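Here's the structure we're looking at; comments come further down.
Order of writing sets the labels: A, B, C, D, E, F, G, H, I, J, K and L. Residues in every chain begin at 1.
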């Protein structure tokens, strides 16, 4: 059974309470539950992790990537300056799908540039919580 | 029954033959067939259109948008300079999902900027043909 | 009797329905009628044309410019990247007045630059439908 | 009866003598006379003012704006750096039409950017002395 | 009684020893003491926190913000790239005052841009230790 | 007794009436009164001056700086291009505190850069009328 | 016998009449005749095509490239923004030689950048009508 | 007898006292005296003027230029943003020599660009008070 | 005996396994062993530390720098945005030598800029594992 | 009989050995021989010169240009910074054709800009050794 | 007796013949003669040198600077990229005056930047041959 | 026995006298002697060369590279614009180590960019004379 790491970056533990007009009302535990339910239907296992520490995300990925077949990541604001996270993801050799809840092209200038996308398989942006589920499709199909 | 316009821009009629190492081997008629099959399962109708003319895409959208509930578009190279297409899409008031087969962040500098994304709901990039199917999910969920 | 070409670019056929909070409620046929009425008072003939195709605008101008004494153009989004249209206008040797309904300096960054203005006599921007009528004044006075 | 302030910035008192190949041969008093004549036909009063001092323009506008219904301004070179004038105009809450005699897009790079336009109703550029008269049309129509 | 979080970012625990010609001789515990004394006079409570970890600052703010009425923050070098901290502060919905001991406009180019200021109430820069006390004034007055 | 020059630049004489949603409802005479009252408590004298003319501000500062111990300045829009004012302030050799009522980092791009800050002691921005009073604290403490 | 597509972009049908001081007095039919005559001497066939529509050029190239051995193209103003044309040319896999009549480095800033050159074999610029004939040499030699 | 206008911009009335390590110890009246003495030897008359107001400089030049044969100007900080002064100087049609006491290329970035130089005959920079005398040589030689 | 801190940043604990075509096959413990062996020959002690957390590196350096005579650091991706680390290193007052295994000038654009180099003694880049040993030479020689 | 200078810049004496995958296998003496043979057929004389010294190229051109009717130059890397060579070529008043063996638009960013092209008749780039022969055509036709 | 090096860079040996509408009709030997005559009146000796080789200028300056008291240099096009010449001049420790015959601010963009000026005493530009004589004044006065 | 070319660029023959506060007091002959001594211990031969002429450095490298196994180069100011030298070095196919005595990242902006580094094995910067000896280590280890 294929296993995916489901990584969420800084402040995503606040989903559902922080700026719901942008990020929606669903909490992170609810998202994890939804993703797991859909993954199970596809025969995929999901290992979730969230941290506000870039170093914490890297520690986790380094520890787990050898047991995994792919990564779904919503990097939060690290999207824009997390070069160490980028190197870590690239170093795993795993396929990575980057997910953003909001359409980052509709927001501040600095939010439009992701320093991670070019080492990912691809990007799903602006699709809300549905974006995580769409990302699962990629791993089903491989 | 909800109806979607499935718009493909310049050169996408050459899919399957042009630079398959980047764009894959599936042809556009095969993609349309796949999208239609999946859409039917979701109770969605799909109206496909391709043109190498920016003006042709605009003519089509102006003629059809009042009968439609949403747009899925792969704008081809117009992604980067199709400001008239952008104005046309924005003018419809419909939800638009932008799809790119390849991950445009892995390619030439000029391909990284889309002039359309900020008037779309969101973006799915680098997911290959699967990207069109993921986009359908958005309209199912609304 | 002097004759003017009244050229409208992509999406201007949608005036009155598309984004009326920006472009107003008057339709293009109504504008043409108003311009013609005022022109007649000044002893000017007006030949109107609209296309969503940059190439279509060029084909028309090439066919008609030798019978005309001037051009009033609202280039729509081609304002910002219509270099072929620019070359076509410059090639006619006719005086050209550029008109924008909205004040393009109040809008998105990319809308602030016109690639046409420096080959025109001048620019009237933000004056709404009245801008077309002001442009007529220029040709009366010559 | 509606009253308009007709503001002219630095060096415009030299019109008719300074660089006539760019700015024409009409003097500022002659322009004021022409504008007044046309305004009267429209039932508009015009209060003219010229100064070479940005502060002088601001002093005048602060003193007069409460008695006025609109402003026509040719800011001269302050177009490009008159941020205090800009704040003053915005502070009046009046509709402002910006006029340039020459087409500033045909000239030096620094002349192409106006720091005032985005707080104005709109811009008339390159229409020569006729531009002031066109601006009057805006106030007639309101 | 209103409660303020007093947040200090990386290296500010070294105040009084690190580069005193720039940052002065007062230590962070002394500053906390001074701020607390002044705050008490104003009827304000102060909860201090320092960390060299961006994630640590976020963890603290997420844990405490619901019990607080405002934030005074000296972000240290995170001023210039702490986008996750920014999102965290914005997410609290609390009024935030940004304080810098030195005048960051007198220093290296990269120190002149703060990625936090536009989500803060305002900025106090270059006022030395006094800046923290000035920030208190803001909360007294509300 | 220490004496401070309290300088206000262009349009600040309109405080309380101009764009109160940005600048508040307090008038400049009221601010001067508040600053004087607080200053007296601290044993400081205050000499206020406002002008819409950059040259007028310079004339005043040149005439008065030898009798003064410091300067509090809200330069208005001269913040962004008042290089002559900058040279004048630097030439006095006095400590200068720059004050902005609104948080200039939340506003237009051009308002974010101050050409004065690097010759000032520091900056207080976004604190409203309270900012002037905070600035007084600096001089009390010296 | 090798066959070449001889493609001319927008406004090149006006050669000989439009701005002859830049583009010379020879018409496009005359150029086609000259190129054909020289090509015949080299044992090369030439299929000419001109359109003012970027989409039209793409339609033609897609229809003809499989019967051709190479392309000579003067893209007109599409040189500077014809990204769809670029993708089309790259997709043919044929050797392409780009020709400009005038030396584009002597002209406006925006004319200096070609978005096509890096997918071409090479560039011949400023050689007038002779440039087309020089381009033939390349195909003779292969 | 040829007559020269000797114009000095903002803060140059403070020469000898303001930042003498940059600008030297000679006062402006002393400079005027030196320039006049040397000019007399060359048979040149000199009309000096200084103002802290850009508008004041323009008023003076407009009033005097018809009686003059040339201008020597040290524009002070207006060097970098005095576009109205520039237009005024250009409008006189007189030869203008720009003088800076200090070598502006050794100083802050913004001081390196002069908006006046390209409408002047030339520039003498960094030569101290001697620069004014060198400028006289130009008018002797004409 | 002089003591050096040997600091390695994020992901360098993966050396030998991550992207060996760029970083080589030697592991970090092997490198530490080699550096220690060479250091001993020179009479130098070495204290190694690695962390994926910028804050962790800062905590370590703050705790140890007073017992050390110099620092050798390979900052990993923090090279490009570790401004807090930079401030920490500068605050120690110790000589710092920056080491990169690969030649960062041969790689992505963002990797070419180090925000640390200008507070270091110098830089050794592209020399592979040998670079750490070269850095030791610097401390021997002092 | 018309005479041409055939100038080759730095490192072109290494042709045939240096990076043949870019520059081909033909040596410079072989190229000179080919160019001479073709030139003779056209009734043109050719004077070849190569130097690794920019000054050497200038010395040669200054000595020979009065006896010549045109220049064919492959400037090597001086293409990108040889401003003195540029001034020398412009000073001859002769028609100059610039030749590059490789298509410089396919290579490093800095190779894309030629500081010479705008003082040349035109440019032939990417045509290999054939480019020199194409350049001859220009002089035959004049 | 003080001795000056009079250095002229590439192509200045062509003065009087090359582009006289820019550089005038006087030849370099005539200029040297004029400078020497004036220098003698001031009790100054002049050692002239011209080369088209940057290295040649450096060789000369290194050989002569210890016998000299100052340098007057017209660097020709090396003004814009002669960083080695710059280092050489700075290394002499002598006062250097930079002279340009034409006003480089009136010419091409790249001619506006001098890489030498900030290590010179100052700059004299646009004064024609007279500029060399003005430069002598500087050395007389020291 | 392996042989290395030890290349020094413009002005490095002045080491020990020119700006010793930056470059130290050791002369170039002393450095050559030190490098040779250390090289001999490693069984390496060293061929030194210095020139102030870029062309001279190229001539030497072209003549000698076939007898050599590697190059150590301190390019002096050619670091920043020596594109011909770069092409020459790249053309040798030899491993090249770039050495700078000072830390170029601590100096002027233009000194921070090397146009050579990306064709070198690596870079040693800021290590003083020791840098040359460190470079030898690289060749010992190969």
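Everything that follows uses one rule, which is that a contact is a pair of C-beta atoms (placed from the backbone, for glycine too) under 8 Å apart; a residue touches a chain by one contact, two chains touch by 3 or more.
Everything numeric here is computed off the predicted structure, so don't read it as measured data.
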Touch-network distance, chain G to chain J, counted in steps: 1
Reaching chain G from chain B through chains that touch each other, fewest steps: 1
Same or different contact residues where chain K meets its copy chain H, judged by the half mark: same
Centre-to-centre distance between chain F and chain D (centres being mean Cα positions), rounded to whole Å: 31
Chain H-chain L separation of Cα centroids, rounded to whole Å: 48
Sequence positions of chain G contacting 2 or more other chains: 53-56, 81
Those chain pairs that satisfy the touch definition: A-B, A-E, A-I, B-C, B-G, C-D, C-G, D-F, D-H, E-F, E-I, F-H, G-J, H-K, I-L, J-K, J-L, K-L
Residues of chain G that touch chain C when the two form their complex: 9-11, 13-14, 17-19, 51-56, 76-78, 80-81, 110
Touching residues (chain side chain J, partner chain G) in the complex: 97, 103, 105-106, 114, 117-118, 120-127, 130-131, 133-134, 137-138, 141
Touching residues (chain side chain C, partner chain G) in the complex: 53-56, 58-59, 62, 81, 83-84, 86-88, 90-91, 115
